[in-house]
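Shared chain: chain A. Partners: chain B in the first complex, chain C in the second.
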Partner chain A sequence: MRASSLTSKPIFIHLFVKPPLVPLLLAASFLDGFWTSGNLRTLMESISTDGLIVIGMTIVMIAGGFDLSVGAVMAMGGVAAIVLLPFGLPIGLLGAVFAGGLAGYLNGLQVTWLRINPFIATLSMMVIVRGATLAYTDTRPVVSLDENFLLLNGGRPVPLPFLVLVIVAILAHVALTQRPWGRHVYAVGAGELAAAMSGLKTARLKRQCYVLSGVLAGLAGVLLASRLGTGSPIIGEATPLIAAAAALLGGASLRGGEGSVAGAIAGLIFVGCLINVLNLLDMPSYYQRMTIGGLLLLLVVTDGTLMRLQPR
Partner chain B sequence: MTSMTALGFRSWRIGYLPAIYIILIVVIIGAGLTSDRFLLPSNLIAVFQQAVITGIVALGMTIVLIGGQFDLSTGAVVMMSAVMALLISPDSAVAAILAVFIPILAGAAVGVVNGLAVYAVRANSIVVTIGMQFLIVGLVLAAVSGQHVYPENLAASFRAIATTRIFGIPMPVVIFAALVALLSVLMSKTVFGRHVYAIGGDIETARKAGIRVIQIGTLTFALSGALAALAGVIIAALVGHVDPTAIAKYEFPALTAVVLGGTSLSGGEGRPAETAAAILVVSVITNLMTIMNYQYPVQLLVQGILLTGAVAFYAYRRGHA
Partner chain C sequence: MFSRRKLLGSAGAVAMLLATAVPSWADKVVIGHSQPNLGWPYIAAVTNILQEESKKHPDVELVTLSADGDIAKQSSDIGSLVNRKVNVLLVTSLDGNAVVPALKQAADAGIPILAVSNEPSDAGKALLAAYSGPDDYVQGVIAAELLHEALGGQGGVAIIEGSPGQSTTLLRTQGLKDRLAELKSGITILGAQTADWNPVKAKDVAQAFLTSYGDQLKGVFAQDDNSGAAAAEVFKAAGRGEIKVVGTGGTKNGLKAIKEGLMYGTMDQSPTTDAKQALDLALKLAKGEKPAEKRNIIPMPKITAANVDQFKGEW
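Let's look at the complex of A and B:
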């Protein structure tokens, strides 16, 4: 195999170039404690909750939208699950997922029915969901000591949430690449008018994407609450930024019609490792904010530059 | 006024009066009837003080949004400039002048970076400015190690920026009123203002008409950054110390006011004076909730509903106009 054909393979690009995952992992190897089983488990746990959200965000971005409400919906999902736990674990789980799906549906309605800019629609949903969660919990975290609930984060050596992520990622990958639905989502994102003229129900497709993103964020909230043993109403402020950075790194674009689950997962592992390395270096949390903000800024500027370079 | 209509300006009006002024009067009467504490002079001054800080931020965001873009980095710039002003630690009159102008220049510089990313590179303004927000908050917290900034000797001349009263009216209110007048003239009577409306109306047409889109657009962001920084300086002078982790998120109430004031989310429409009226509406409602003992979470929820409601209302009206 010639070198040029190897370097143009998607798997190579995802591992070395966009994002430079392998170089980062090599650099991390110089750090004491990166390749220990304890740290790898921490890494897997944090990647699995963020990963569900990244998959939802990627699908919404492929359809030409954006979802800033994912962090607030994740916090709401965790709180809802713990509040509903006395009625049984399935009710808690379903309640959180339903609440997330409802927020997603309302996002979708704003975008399709009222034709509101998706950034503003999901921004105001973020403020509403965050405010409602804070008001309901009176800004205090809700705690659960239910053993079955905490077991959602169990599983050795691979944590259960990671398996959930793998299953969801495979399902999303198949839905996007092997099913007509996936091709329709790409079509809506690439050119909504053309998609509508060729008979696609574009509004319904977009609503489905937002609902999916909400459901996955709610589910991520449940798994996160199980890991922490608490549902915190203030958690997840940086989540939409992390998810957007991972999706953009993985080849999604703010213009829509581009992106893949595999790329998003590679992007997510990159961002997750970066945050993990900062933690291992004992950097205070504000360096994380700085890194995430700077990374996102760099990525949108690159995304914008690429758009200018493409002949239109 | 004719030039405005020629530019396609159409806010929601009742008769000749933009509706937001009527809403403001209704809200004030309603607040007066709901709580007898609302109309106390001390409370009214508190409403104004609260409105002014968010209002200055909202004025800058209005100008950026008239150009068709969003600036969500303003909350972080407020915090950055408050911290900077206090770190310069003004214990003399000269230092006090520096403590006012250096943060404002820094805020304008942040705006220039935002503006170039948005107008020269054509990156999405919401994502750019949210990224910038995290970058700035992280940088500032790292610079002060997350600590409370509490300078010991603050010059009286610095505090005077916020604490002086002119005919009993607090200085920040005077500054705000002057800014509203100044920016109204800037947007409606100058070439710069006309160009901003043109860019927000249709950027490609503006470009083909020979308007220097990148320079004018970047200037709107610089203006927004400088105004947010001015709000931060006023906070620093008013309070005399700042807890960088606890500073409020000014960009949400400001954005709510901008949208409520009728500035179109797609650009090309909006006026500073109507944003000022809308910020008073938001402040009166927030103040009333504080009086009635509804805390921050409920206020946040109401703000979100207000934002969604305003966005949905204007979207519906435009869809059926």
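Let's look at the complex of A and C:
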């Protein structure tokens, strides 16, 4: 089966070719200050929130969808957590995750029930959620320097959010590769009609994927708010693009039915390390964006060419 | 013929070179600057002038990281600068609250922090060695005074705000409101809308103000000159050129609009003064000196048609 052959893609492909993570890390070793514990902690911090979102985005993309609303949902999650914090940390956390899940469920309803194209459906959700968050906060960031809340970003040398990312990544990897649910998600993405004919509840599976993406975006929002001590309604505008870039670099495809958690995380670490290395090299930020965009284009084009050359 | 003396001599020269080169490299002062977005004209001007000025000091290296408008990236940027063990950290914050944890990291590492061009929130201020730059709140205050005198203390005004949620926007609005109250001015604030520092959006906002407030609208406070000049053009085209527009910043566009009689006034905020003062303070901090004042506000003179010729407009 096509899906299973893709999930079992050897791990070294992710590390050397798509994306070229190991070569980048080797090159980074020549830079002063890359392998210092402080720099690695900064790197892990910045990867962990985006990582949760990339995992959600990858699952949605495997199911043949896309989620543009992740950045807005992340902002909402951070604001919700801080607003609910006076009722206790667990309530804040649950509230943010529930709000994210609800947005994801509405995304799923739009895509499955109203049959709206995922880009349009999640674009509308992105604008609605962003607008609602701005309206609720009156455009002002909500602030909490509560010690317990800031501790969510604590932990040395490995920050707590990074541990959360590792756990979520393992769970998602197992669910996608070892459980029937995962095979079904790949099947829906590879061919919805065929999956429906073979008796899968495709609409429900897709909704579950969007809910997962929303929940993870909400959780990412909480962790980010803890890192900044602030729930900002304007954060995460570029997040869907970074997440999509990482997922695509890691082997997911807009056609659906392809991709893996390991690949997506490798893609994200690649983007994160690249930005970090370019920062250490003092490259101005606009050239950094051009580099990442150009690299994405190069890898995707190479990938497409290779696929066309492959004998079917 | 290679004499031994010559060889020894050249070895000595190399050693001397090394001896002079190594300490001077080690003594090099590294200044890290985390700034919010190179796409904003004022920030870009300050950043460029800082870089030009720092080149005049051969023993100073200035490292600039831009957050591209993303508060999470600014937090990582500051983390990177701390990890590089810069001698002084300059921070122009995107969000005065969200930088606080990162500033704490820098303070814990013993790096003196100089806020440049805008100030962090109170929790962040406590971590600063000093602040250098304009005062957003005072700009709102000055705008209130200009509008108060232009309108003879009565009438309705509306505010064209900068990006929502930014401390610059919030403080300028607050300064205006507070000063109008202090002056016991009869001026009422009809409403406020954001133009995101974008003159094109400002035209739409100006049109919307005309539609919703009609003849009640006597004055406008635009939180940047470009938006103010754009709004004034809309008012003139609608035959409401008598609406008094007060801008912020003393930009080329703003000064031109004042000369042409489109805008009533603004206040100067010079990126050159801002950057030079910041670099002077940064060098002092790098030497371990304490600046005399914690808050070093650059002068922000009022500009109206009466004195507009004295200003050249830098950005």
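Keep in mind that, in the parts below, the second predicted complex is superposed on the first by the 271 of 312 C-alpha atoms of A that agree within 3 Å, B and C clash if a C-alpha of one lies under 4 Å from a C-alpha of the other, contacts with A are read in each partner's own complex, and residues count from 1 in each chain.
Just so we're on the same page, contacts are C-beta pairs under 8 Å (C-beta built on N, C-alpha and C of every residue); 3 or more make two chains touch, one makes a residue touch a chain.
The shown structure was predicted, so the numbers you read here are calculated from the model rather than taken from an experiment.
Touch criterion met: A:Ala244 reaches chain B, while chain C stays clear of it. In the overlay built on the shared chain, the residue A:Gly33 is in contact with chain C alone; chain B does not reach it. In the superposition on chain A, contact of A:Arg183 is made with neither chain B nor chain C. Contacts of A:Thr291 after superposition on the shared chain: chain B is touched, whereas chain C is not. A simple residue count on chain A separates chain B from chain C, and the partner touching more is B. Of the two partner chains, chain B is the only one touched by A:Ala135; chain C is not. Using the contact criterion defined above for the overlaid structures, shared-chain residue A:Lys201 touches neither chain B nor chain C, since it reaches no partner. In the superposition on chain A, A:Leu254 makes contact with chain B only, while chain C stays out of contact range. Applying the stated contact rule after C-alpha superposition, one finds that A:Glu45 touches chain C and leaves chain B untouched. Applying the stated touch rule to the two superposed structures, the overlap between the chain B and chain C interfaces on chain A comprises residues 134, 139, 238, 284, 286, 289. Chain B makes touch with chain A in their complex at residues 70, 117, 121-124, 126-128, 130-139, 141-142, 145-146, 252, 255, 265-266, 295-305, 307-308, 311-312, 315-316, 319.
On the chain A side of its complex with chain C, the touching residues are 33, 36, 38-39, 41-42, 45-46, 49, 134, 137, 139-141, 143, 145, 150, 153, 224, 227-230, 232-238, 276, 279-280, 282, 284-286, 289. For chain A in complex with chain B, the touching residues are 66, 68, 110, 114-117, 119-121, 123-132, 134-135, 138-139, 238, 241, 244, 254, 284, 286-297, 300-301, 303-305, 307-308. Contact residues on chain C toward chain A in their complex (touch as defined above): 38, 63-73, 75-77, 79-80, 82-84, 95, 97-101, 121, 123, 163-165, 170, 194.
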